[in-house]
Amino acid sequence: MQFFRRDEERVTSVDMSKTGTGNFFEDFRIGQTIRHATPRTITVGDVALYTGLFGARFAVQSSDAFAQSIGYPRAPVDDLLVFHIVFGKTVPDISLNAVANLGYAGCRFLAPVYPGDTLNAVSEVIGLKENSSRKTGIVFVRSTGCKQDGGKVLEYVRWVMVRKRDEAAAAPGDHVPRLPEAVLPSTLGDACPKIDVGAYDVALAGSPHRFGDYAVGEKIDHVDGVTVEEAEHQIATRLYQNTARIHFDQFSAAQGRFGRRLIYGGHVISLARALSFNGLANAFQIAAINGGRHVSPLFAGATVFAWSEVLGKADVPGRDDVGALRLRTVAAKDHPCADFPLKSGDEDYPAVLLDLDYWVLMPR
Amino acid sequence: MQFFRRDEERVTSVDMSKTGTGNFFEDFRIGQTIRHATPRTITVGDVALYTGLFGARFAVQSSDAFAQSIGYPRAPVDDLLVFHIVFGKTVPDISLNAVANLGYAGCRFLAPVYPGDTLNAVSEVIGLKENSSRKTGIVFVRSTGCKQDGGKVLEYVRWVMVRKRDEAAAAPGDHVPRLPEAVLPSTLGDACPKIDVGAYDVALAGSPHRFGDYAVGEKIDHVDGVTVEEAEHQIATRLYQNTARIHFDQFSAAQGRFGRRLIYGGHVISLARALSFNGLANAFQIAAINGGRHVSPLFAGATVFAWSEVLGKADVPGRDDVGALRLRTVAAKDHPCADFPLKSGDEDYPAVLLDLDYWVLMPR
Amino acid sequence: MQFFRRDEERVTSVDMSKTGTGNFFEDFRIGQTIRHATPRTITVGDVALYTGLFGARFAVQSSDAFAQSIGYPRAPVDDLLVFHIVFGKTVPDISLNAVANLGYAGCRFLAPVYPGDTLNAVSEVIGLKENSSRKTGIVFVRSTGCKQDGGKVLEYVRWVMVRKRDEAAAAPGDHVPRLPEAVLPSTLGDACPKIDVGAYDVALAGSPHRFGDYAVGEKIDHVDGVTVEEAEHQIATRLYQNTARIHFDQFSAAQGRFGRRLIYGGHVISLARALSFNGLANAFQIAAINGGRHVSPLFAGATVFAWSEVLGKADVPGRDDVGALRLRTVAAKDHPCADFPLKSGDEDYPAVLLDLDYWVLMPR
């Protein structure tokens, strides 16, 4: 059944099922490289739909004229749209049989993406660990997004708990990779060309607050809330060609543990990022994602709020145009965030949806 | 009232209603040609929205780079998006007063369409048959979609049952055209340039199964299901500028036989086509539609599943790059298709929505 | 807190909130100029999404080929999409603390906008009037939309009732500007290049009725109805980067006077304009908006109908290609408009949503 992308020879038996059922835990091998379908040309159409779905207002991504004024050839595509498209490609091969998406690490944006670029994705299996139940195992992959010319635009490590097809099957490997706690500031900035800070118009950008105006420990309530509709998250997730059925199939979901379609975790990240404009308007680029937890599931009808804390500040070596802020952005459902809610330890805090740790670039 | 496109002289009476009420059965004439409004330039924006609404993953339509690697100048527009846009133009003139959309025949895709092309539509009335009740009649039209330069991109025959405005009116004609049971393989392939099969990357395309790997009689369960929301089908149907009010007007629908907005039948075709990727990933182009039945209506909230059967295989004369598969794709609601449900004869099978018979091209 | 765009010096205190709370009545000054965030490049993606959301069918905006045939370089962007995008930019600075949006006047479209153009917005405060309660005041602004090169594309006066932050604060000014009852015909037409009327194809445009075919006093029922979904108005309003939270936040709305998300008034205008195609297919451009009232609020689930009356006809000086029709278009909810409903005086007519007075251009 595991015909995806690993057969060198053509399959000729017509009795064989043509339907992709995805890989199970025992199908993976350490060192294995998986080239994912489907290549995808990003266009201004995708950008418009992403704007309609999330309403982001960062000037660099919104305006060709603004982007050009500071040194870009044109407005780059929103970093998270790039992330979602690359991520979506990995789903049919990596996580179609996942029980849980456990984490991310070392996610770096490596080059700007512009409308017209075509994205591909490749994953390398870098770790495998069977669970004690022998029913599932953890698969660690390093996924890379590339342009049509092979240039890398994104890489990240992700680990997921995947079912075994056959519980009696031997574990296909036993290695847990060492993962970075955070992306080093010295590796940030590849996706941001040197910008002309003098030309960066803070009035047009929506806030006078630059890198120097933020302090470690500062907390920002992003105030606004946005209610999510089924049609919205379905359109978004299909735009990324993400096929995880739990997001789309109410008939089957009705029989599952939630009884409802589960919203793609990346949808919450994009909502929180768009909300964060109110307080972080000049955080015009996500340079890296250190890690993140989807603390609880989101379902349609809930209203998402968010707040952020400045976890750190760093110079980017060789760059006097931008500095890096390390942010923790927390999203919560049906709970305005003036009280900066957190989920930690044993505390029961059902409102918290997301706890994301990432680096943004800001003009100095 | 039938002022649409058939008046040579300008209408000058200001007392006359300006509102289009569509044509009734007695307004049609055999041989009559109707040029439809509104010309429509298809763009990458339409392509993106179509992706967001259906999530199709066929590599040729998704990636300029992939399309170019096999010989296209760029990614062509999805065939069904072209169909829906041409179809939508015919609605105000042909089927605004339709009781039922009875069938299609001889639908052929004649040239690739690319973003930037403008589509127009013309219909010729090729048959008229009053029903014995004298309240309605069947109108047969051959509709043709053309580009701005007049080149044909699509043609199909459609027949609809249309109300009479005045039951006492004489039948405007009495002729039932002979219609092809299926499109001949020798006429397929016009919308597909000669492709470089050696460059067709099956890993990127998502499946190793080529033309030779499919056998007549083979059945494929496409597994995945997708739940339809009101906002989704309304956005899709408006994108095609299809004005049939039953899709949009809940106030009036509440008083009708369904009590609900009826989803455009073409929406089901596009959903089934997108689902069919899982099992038919290399069926990159629809070359022709032999016929199809909308077996039962679809309403928002239902989950659509699909399966396909290979009805036939054919060589395309002069082409060693692609072969043609004749497929039957069946869509069902709230019913996973592992049991290959069909509606035939007297059997009561309310789950089946669509039974579509069409030709696809696949690389050899 | 009023850090938006009025500080010349950089704010450096990290204790200060970074969150924009918008301006309150006492923050405005007569003569004050506010440059709004966020600049926005309009693309064919925005055009496609706008089509999907409203289904407009005016040939000039729908087809590059049609637009070129009459003298445009390509299809211009729908006037109302331009309006909504400019309007959206003003919200965070002008009306985030508004109690009510009271009116518009003197709205003129000054130049055609094409995909690729970037829009900015600036507002000048031209009037301030505290209410007798001293809790709120009326702010009058003249807002101007410009292209990247500074050329004006749109201007309008708007007045809103805005809360005071501190009731004890002194009124910041006391002046009510004189506003035009209607835009003068002599100032219309700037956004419409001279067109080749002979090449204007009424069959493709969808109606034979030209300027000469309409009479003052004529009423047109636009017949069709369209039901609005939450996802649709949210996507539309985010597309314009309009951040008014009442449109998006069900959690907070549930505690407010309506208990529901209120749909952006501009959404009703766009729906009515799209419906008006049926009867006004050749009213290809909105040249000016004289004024308008949002008579009652719209919520998701309602079905919108519309009708229009010809209030006046005018020649446009120096133009023999187009004439100007002054229209009143009325939208109503869950009420087909064959009886031409109006809300006037004390009469209770809850169905009426919108009463819009505007000028359109039509080919002669």
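Order as written gives the chain letters A, B and C; numbering starts at 1 within each chain.
FYI, a contact is a pair of C-beta atoms (placed from the backbone, for glycine too) under 8 Å apart; a residue touches a chain by one contact, two chains touch by 3 or more.
Only a predicted model underlies this, so the values are computations on that prediction, with no experimental measurement involved.
**Student:** Interface check for copies chain A and chain C. Shared numbers divided by all numbers used: above half gives same, below half gives different; which is it?
**Tutor:** Homomeric contact, different residues on each side for the most part.
**Student:** Using only the C-alpha atoms, find the rotation that maps chain B onto chain C and quote its angle between 0 and 180 degrees, to the nearest 5.
**Tutor:** Rounded to 5 degrees, the superposing rotation is 120 degrees.
**Student:** Quick one: report the Å distance separating chain A from chain C, using the average Cα coordinate of each chain.
**Tutor:** Centres of chain A and chain C (C-alpha means) sit 36 Å apart.
**Student:** Show the residues in chain C shared as contacts by 2 or more other chains, in ascending order.
**Tutor:** 43-46, 48-49, 229-232, 235
**Student:** In their complex, what parts of chain C are in touch with chain A?
**Tutor:** Spelled out, the residues of chain C in touch with chain A are 3-5, 7, 10-12, 14, 17-21, 35, 37-41, 43-46, 48-49, 92, 116, 118, 120, 148, 229-232, 234-239, 241, 243, 245, 248-252, 261.
**Student:** Within the complex, which stretch of chain B touches chain A?
**Tutor:** Checking each residue of chain B against chain A gives 43-49, 51-55, 57-59, 62-66, 75, 203-210, 212-215, 218, 220-227, 229-232, 235, 278-281, 301-303, 305, 334, 336.
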